[in-house]
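Going by the order they are written in, the chains are A, B, C and D; count residues from 1 in each one.
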Amino acid sequence: MEPMTLRAVGLCAGIPTQKGEIRAVNDVSIDVPAGSIVGIVGESGCGKSMTARAIMGLMRSPARMTGGEIWLNGRDIARLPERQRRALRGSEMSMIFQEPMTSLNPVMKVGRQVAEAVRLHANVSRQEADRRAVEMFEAVGISDAASRARCYPHQLSGGLRQRVMIAMAMVCRPKLLIADEPTTALDVTVEAQILRLMRNLCDAGTSILLISHNLGVIAQLCDYVYVMYAGRIVEQAGVIKLFDHPAHPYTRGLLNAVSSLRRGGERLDTINGVVPNLLRLPEGCSFSLRCDACEARCAQEMPELREIAPGHKARCHLAEREAWS
Amino acid sequence: MKQSLLRRFIQAVIVLLGVALMIFIMLRVVPGNPVATMMGEHADIDTIQRMTAELGLDQPIHVQFARYVLDALRGDFGTSYSMGKPVSQLMAAAFGNTLALAVAAALFAWVVGIACGIVAAVRKNGLLDHLFMGFSLLGVSMPVFMVAMLLQYVFAYHLHWLPISGVDSWKGYILPAIALGWNSAGSVARLVRSTLLDVLQQDYIDTARAKGRGQPGILVLHALRNAMLPVMTMMAMQLSSLLSGAVITETVFSINGIGRLAVQAISGRDIPLLQGTALFTTLVVVLGNLLADSLYAVLDPRIRREA
Amino acid sequence: MRLNRQRQIVEAHDIRLESQIGEAERFGDLMRRMARENRLAMVSALVILLFILGAVFAPLLSPYSASEMDMLHRLSPPGAGHLLGTDEGGRDILSRMLYGSRVSLLVGVVPTLLSMALGAALGMLAGFAGGWIDALVMRLADIMLALPSMLLAMVIMYTLGDGLINVFLTLSLVNWASVARIVRSQTLSLKKSEYVEAARVIGVKRPVILLRHILPNCLPTLIVLFTLNVPAAILTESSLSFLGLGVQPPNASWGLMVNVGRQYLYNAPWLSFVPSAAIMLIVLAFNFLGDGLRDVLDPHLKNN
Amino acid sequence: MAHRFANRSRRMARQAAFMLAALLFAAVLPCSAEAAEDGLLRAAILYDISTMDVAKTTDNYMIPMNVFDRLFETRMVDGTAQVVNSLCEDCSVSEDGLTYSFTLKDGVVFSNGSALTASDVQYSFERLLIAASENTDIPLEVVGGEALMNGEADALEGFNVKDDTHFSVTLNAPNAGFMAELSAPAMSIVDAETMAQVENFGSEPADTIGTGPYIVTEWVANDHYTLVANDRYWGEAPSVKKVIVRVIPDAGTQNLMFQNGELDIIDLQNLDSAIVESAYKPVYGDRIVSTPKVGLTYLTFNEKKDYLSDVNVRRAVGMAIDVDAIITGIYSGNAIREYGIIPTGIWAHNDALTGIEYDPEGAKALLREAGYAEGEISFELSMDSAADSNAQLVYQYISQFLDAVGIKANIKSYDHSAWINLRMSGEMDSFLARWGMDYNDPANIMFTFFGNERNTAQRSLNYPDAATMARVAAASAIVDDAGREAEYQALEQKIIGEDAAWFPLFEELHLYCLGERVAEFIPHWAGFSDFYAADVTLK
């Protein structure tokens, strides 16, 4: 097995409320092999962002990780004390967010914000850190990097700001980059540039865990994909196999919603119903209420995430039949 | 920047003239003859009328105002009716004490206020949060004289640690500064907590954490600077109100400050002293706000062109 | 298949119902949610209600007449006869507190709200409009901050009379400037944020932007300023009474009782402590209620 | 690498905490009140004096009394206030009571060495009429005073100097109280030569030169002033060598400083009588000195206003007020009941005089007979918010008494200037005030309030009876004492007994408390807060 940058096993996270514990992430296991780009896709609220934050250890209180192991480059970092866990952030693993507009400190020059990442993890002088920051700006394709470094966030466009975020994340050469909806807030042309940049980073040796609800981005960039629904992984497979032979009705529903655009004209296929309330999940399969192929068994018994083909798992009793057709 | 400073200077002069004029008009509306008050119970009407004429108080208002402004430009702020001394001399002596007291009170207020505000925000709804917010509300709702007298009673009278009254030594400033600063500390703590809580929800805080910055670093380098803008405005106003004197604290600790002079001037309708203290307060307020406005740009680059 | 179909219809039906009830029910729901989640806010609302009831039913509740002087029991400590003791004139402090709360609660809340409204409006206008409007409003604020407030109070009294309305007017005029400056400073940074510029781009009229976008973000600061200005207003009212504006002896307000109690602080401290404690209690109540409201209304804090 | 950064901040925090603790500890070293040097008397006043020039004040008398002398002084001699010689060695009055011939004490010098001469006395009289002075009424009694004041003359005609130590003064009209008036602080003697050279007499200590037992060495506005014994003093050297009077504007602070041994004398009138009863009498009983504050606390009726113009209403108000309850309740017994105009301690005071007694039912009956319905009568009790706490309590107590008989007395507070302004305009309905006697003569109060139509209007009394007021003015001129005393007492009976023009309440006692370092203290004869430092003997 090629070396694994990230192995998350049985990740669980939840939000305590008066009405009980919301299990936002429920027994999620994700592997990110070195040098590959792995995607997590699902409707908003399915727990994909929470999973990413759990891995980085950036849970927003009162949400908290309740179980599971996180192996980063062969070391379980889940139980590390905060001080050591913090030392990893920015150096071994880093993260970029969806909203470039508000993800940068408005009152600090962008160059300094990137240099800060350097000084946090490398014992170098301020000038050296600034130099590396400017160098990183050029690496992520920011023209006239030196003067741009002296600007403030509100003086830069959305695309530029996202490049700054990427520069900040990559400046310490982390092994793993987690990107939570990196291009959602950008227009298509800028999105393409950012995706190309991420592909280059991957080729340069950084594995990427991409979180997105956009199947197009996933298809274009990822090698392997996990589909999440209501806090659980319902299907995982190589990108080609997933798009050609979706085994789980939910995945098929997602793909139909996108593919119908190509057929042009008719009404969009939608998955009827709404994402269920995590506090009152139905018995059995969480997707049962919205699943067309729902049978009595689905309503009573939660299906296992079974291997239905090499490297292809699905959490559905009827998964095998679907795979062949 | 220079152009806007010139504009602000002109506006400051207008404000000074505005306040001086309004005070003259106000004194016309409000009953009370300074000479009668100054001469007390035993004076009779003839003497009062004679003295009023001598001081030129029976002149029409615009004449008095014009004469006052011309004298002021020459640096002669007139002689106080009730104190018999030149206003500028009285103000100079009193301002020394008020400045020292204001600086001491502001330091105490802001150090304690910001510290409590941060801890209360970080430990939101924890024990410390309620404790500090309780203290700050205690500070805001307890009248200043009560804080001053209790401090004086316990630390000066009973424990003899500090002098009961008078500021001949620097130790004399400790209790008044705490009494005066206590209320401001409460307000600053409340506002810092509220704005900090707001800022800590922002996305760039997550980015900082993602970079591996620890909580203290995040607080000082990222959160506080963004949270300080409204707080700094409040602090600028607190400083100018401290600098325009704190009559109650000055009274309890027998400090000859601008606050007592101002109150004496109003209740005695001592026009020259009243004008002197009011113009001084205006200067302090205008400079304080000018300082605050120009610091905005330093603190928040988005406003750089605006301020 | 049919089993499933019926279930889906029922679910769809629920969704439609919820959206129709809409706004009205939502506020009630917010209040219930606040009640459930924030007990402190509910207790505070109760305390405020108690104070209001105390003020309204003062004649029924007070054991003695508020101005009946009984010099034999002068300055007697809280005890059997008088629950909260008697003041320098031998009058029952509990009765005076109940009657005094009428003025003090009004004086604490009404002018503070007025000055907040005026200050917030002018502050937002100044911050948002900039240019000469900003200069005009801010210099007006400078003048108000610089003018001696006692002189201003006397001018209002001798021109408009000494009724309670003029006490409100005086306190509002004195307090709006500080609120305006703080709201202006916040507006300056808020107006640069993306959603405000987005709103401007699609042609939203300026007052709507101020009300719908800027004001909600100033809410936390305004609530804090409110809880800071209420006690200040109650205490300042007493200095107005000395000038003849507002409450006149033998009536009393909390502020007046606190200040008159000053001379007896060493041998009859309850004269000042009782009204001061009441002011503290009412301020605590407003503070926690304000926090509760802010947590419920503020979108940011909704998720935790 | 990351840890190094964390360590450094932790180390810095530890150092800061250590420094803070050291600083706090240094500040906390106990500092006891510095021991007072012997011969020093430490006193305190609530409000700073406004001037040292006696011409420009009618109440700041501490410096004039200690730094200057007068021709005569009023001293307590075996229980009564007597006019005794001071700078004047001997004085004789002409038959018609108009001309007074004086012999000055010889060899007296001012504190700067300049000799005291008769021309200095003349200058002191004339100065009160030329400079912007407040005390013109006494020198105006001298012939030519009016002319000098109006600039028609350049010297006081009625004042002629025979030689350095002899001069005579001729009055426009005989005034038996003239010698008493010359003992008033306003008639302090200044040095003509010095006054010609200095510009800041009265505001600069160095320029304020007198012949008194002390010289003023320091005056810091709103902070303190210092008196030091005058080694050139003509009289007996005082026991107190140095006096520091500090401005302590808060009575509570004065109380703490006294009990902490930082003050040698405290004026108890600034503290509420309840505090004096509970904190001072039980603890310092023997060291409390009490003397009548020679003067009168009175309630006025403005006879121009409706209801108050009716004598029955005025009498009913008097009958409704229980003055003894006020004296015991609010002043804890530290006051003497008064029934007339001339207060206890002043010549011609009539001990036998009785007045309106407390009779609420009688008051109601009187009002009914006079045709007033219950609660019909109402007037304003105007209160000066600067009045001391006891007075403000009396206002409320009186309002309650009047309410009991159906009279609505609504209290309204005024700030000090506004109150004086309203009173002098003659429009104030009714108010409570205290008149302190300046010198021991009935005219000082009788003439001021009922001397003429303008005086009584200026005090918002508006007493209508012009004939009686004429008699009051004339009474000053009666030469023989017995006749003058009888006239004043008859006038008192008419104005108060019959017309009830005002309602006299009491004469307060003035209480002082002495620190351990003070052996004996003789207060001012009229109970002023200001005192002769020479009358204090230290242990």
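Keep in mind that, in the parts below, contacts are C-beta pairs under 8 Å (C-beta built on N, C-alpha and C of every residue); 3 or more make two chains touch, one makes a residue touch a chain.
All values derive from a computational prediction rather than experimental measurement.
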| item | value |
| --- | --- |
| B-D or A-B, whichever has more C-beta pairs in contact | B-D |
| Centre-most chain [mean C-alpha coordinates] | B |
| Chain B-chain D separation of Cα centroids, rounded to whole Å | 36 |
| Chain A and chain B, separation of their C-alpha mean positions in angstrom | 54 |
| Chain centre separation (chain A, chain C; CA means) in Å | 46 |
| Chain centre separation in whole Å, for chain D relative to chain A (CA means) | 88 |
| Sequence positions of chain A contacting 2 or more other chains | 60, 83, 86-87, 91, 102, 106, 120-121, 154 |
| For chain B, residues that touch 2 or more chains besides their own | 30-31, 149, 153, 212, 214, 266, 300, 302 |
| Residues of chain D whose C-beta touches two or more other chains | 2, 6, 252, 415, 418 |
| Residues of chain B that touch chain D when the two form their complex | 30-34, 36-45, 47-48, 50-51, 54, 82-85, 89-90, 93-94, 149, 152-153, 156-157, 159-166, 169, 171, 174, 212, 214, 216-217, 250-254, 256, 260-261, 266-269 |
| List of chain C residues in touch with chain D within their complex | 67-69, 71-72, 74-75, 88-90, 150, 154, 241-244, 248-250, 260, 262-268 |
| In the complex, chain B residues that touch chain A | 202-204, 206-214, 221-222, 225-226, 299-302 |
| Chain B-facing residues of chain C, complex | 130, 135, 138-139, 141-143, 145-148, 150-152, 154-155, 158-159, 178, 181-182, 184-186, 188-189, 192, 220-221, 223-225, 227-228, 231-232, 235, 258-259, 262, 265-266, 272-273, 276, 279-280, 283-284, 287, 300-301 |
| Touch list for chain A against partner chain B, complex | 56, 58, 60, 83, 86-91, 94-97, 99, 102-108, 113, 116-117, 120-121, 152, 154, 165, 168-169 |
